[in-house]
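We just call them A, B, C, D, E and F in the order they show up, numbering each chain from 1.
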Amino acid sequence: MSEFETNFPGVRQIQSYIKDKQPVEIKLNIGEMIEGKILWQDNDCLCLMNEQQQKLLVWKQALVYIKAKG
Amino acid sequence: MSEFETNFPGVRQIQSYIKDKQPVEIKLNIGEMIEGKILWQDNDCLCLMNEQQQKLLVWKQALVYIKAKG
Amino acid sequence: MSEFETNFPGVRQIQSYIKDKQPVEIKLNIGEMIEGKILWQDNDCLCLMNEQQQKLLVWKQALVYIKAKG
Amino acid sequence: MSEFETNFPGVRQIQSYIKDKQPVEIKLNIGEMIEGKILWQDNDCLCLMNEQQQKLLVWKQALVYIKAKG
Amino acid sequence: MSEFETNFPGVRQIQSYIKDKQPVEIKLNIGEMIEGKILWQDNDCLCLMNEQQQKLLVWKQALVYIKAKG
Amino acid sequence: MSEFETNFPGVRQIQSYIKDKQPVEIKLNIGEMIEGKILWQDNDCLCLMNEQQQKLLVWKQALVYIKAKG
């Protein structure tokens, strides 16, 4: 919970999605898929801008997988 | 679990929803959406005032995402 | 897991439900709602007396939200 | 994960079910109920003897609630 | 996460299933049951050889209960 | 969360799947199965290349089991 491990490959993969403004699909633990661009992440959350230009504060605990779109 | 990390962007995003009395939609791990205004948060919980003026003590472990409404 | 953080607002909210013998509804991660009065809590559990005067030892890990009833 | 917190009320409640050979119902996170007598517990698990005299090693992470039967 | 607590009764129960090549049924958090013999365990995983002689690397986080078969 | 425990058998099993470019099936906590080859892992995630040559960043928290394919 403490420090944010920015040298983990998984964290860096997300950082590169953020930097590249890469559209992604995020599969959630409730079985739903959400789509958009990741704006930022911290230890517990990431912020997704969806196609309706709404910001979703997504909990990492709810993530199943993330996939680059298209 | 120990100290509350108020300098995390995710935590600060919620703090700004609290300060602005922003109506939000909260997606839960049971697939349901609840709506209202967040009154406060701590490490484990947040308190939501719904439209029937009922206070819900919501566990962060059950959160999928939070979205500003409207 | 270690010490019980009694100064967290969420913990104190439950303490006040206990003190006031406030009937509550508890939404669980299996989607079910249970009702009763909370008798005590610790770090991992809370004890609920339901309307059939049965004591349920409820794991906090299974909580979605708690709401005062009526 | 480290030491087993035997002075927690929740842990002691289970200890008294064990000592009294109290039949219990255990609600699981998959929505199923299992029944039997608890033989022992540790930090992560409890051991349940069901009515077919089979021993189930149950993970505490899967618990929703425990209720004395009858 | 750190050291593997081999003196926990739950861990030792699994160790005895391994030593005895005891066929077991494992109930998973997705509601499915898998069957086989446990080959080894560590802190996070156990390895199950099913009846088709396939090895499954099973995450302990997904366990509900384990039962000796037959 | 801190250091990556590369000497755990479960971690090493995945490392050998990576080294051998072994096709695997991964059962997820949402009940779905995904297939592909694992490219790398860290503490929290693994990266799966599926048959459409798409990279999935999969959270270990969502894993139920992994099985070598075919």
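Following the convention adopted for this analysis, a residue touches a chain if its C-beta (ideal position, glycine included) is under 8 Å from a C-beta of that chain, and two chains touch if they have at least 3 such contacts.
Predicted model only: the values in this text are computed from it and were never measured.
Q: Along the graph of touching chains, what's the shortest path length in steps from chain D to chain F?
A: Counted as steps through touching chains, the separation is 2.
Q: How would the chain C/chain D interface be labelled, same or different, where same requires over half of its residue numbers to be shared?
A: Under half of the interface numbering overlaps between copies: different.
Q: Farthest chain from chain A, going by the mean of C-alpha atoms per chain?
A: D
Q: Report, in whole Å, the distance between the mean C-alpha point of chain A and the mean C-alpha point of chain C.
A: Centres of chain A and chain C (C-alpha means) sit 32 Å apart.
Q: Counting only Cα atoms for the centres, state how far chain B is from chain E in Å.
A: 37
Q: Rounded to a whole Å, what is the gap between the Cα centroids of chain A and chain F?
A: 19
Q: Mind pulling the chain D residues that touch 2 or more other chains?
A: 1, 29-31, 61
Q: If you connect every pair of chains that touch, what shape comes out? Choose line, ring, star, complete or other.
A: Here the contact pattern is a ring, one closed loop where every chain has two partners.
Q: Which bits of chain E are touching chain F when the two form their complex?
A: Spelled out, the residues of chain E in touch with chain F are 1, 28-31, 34, 40, 42-45, 47-48, 54-59, 61-62.
Q: Residue numbers of chain A touching chain F in their complex, please.
A: 1-2, 5, 8-10, 13-14, 27, 29-31, 60-61, 63-68
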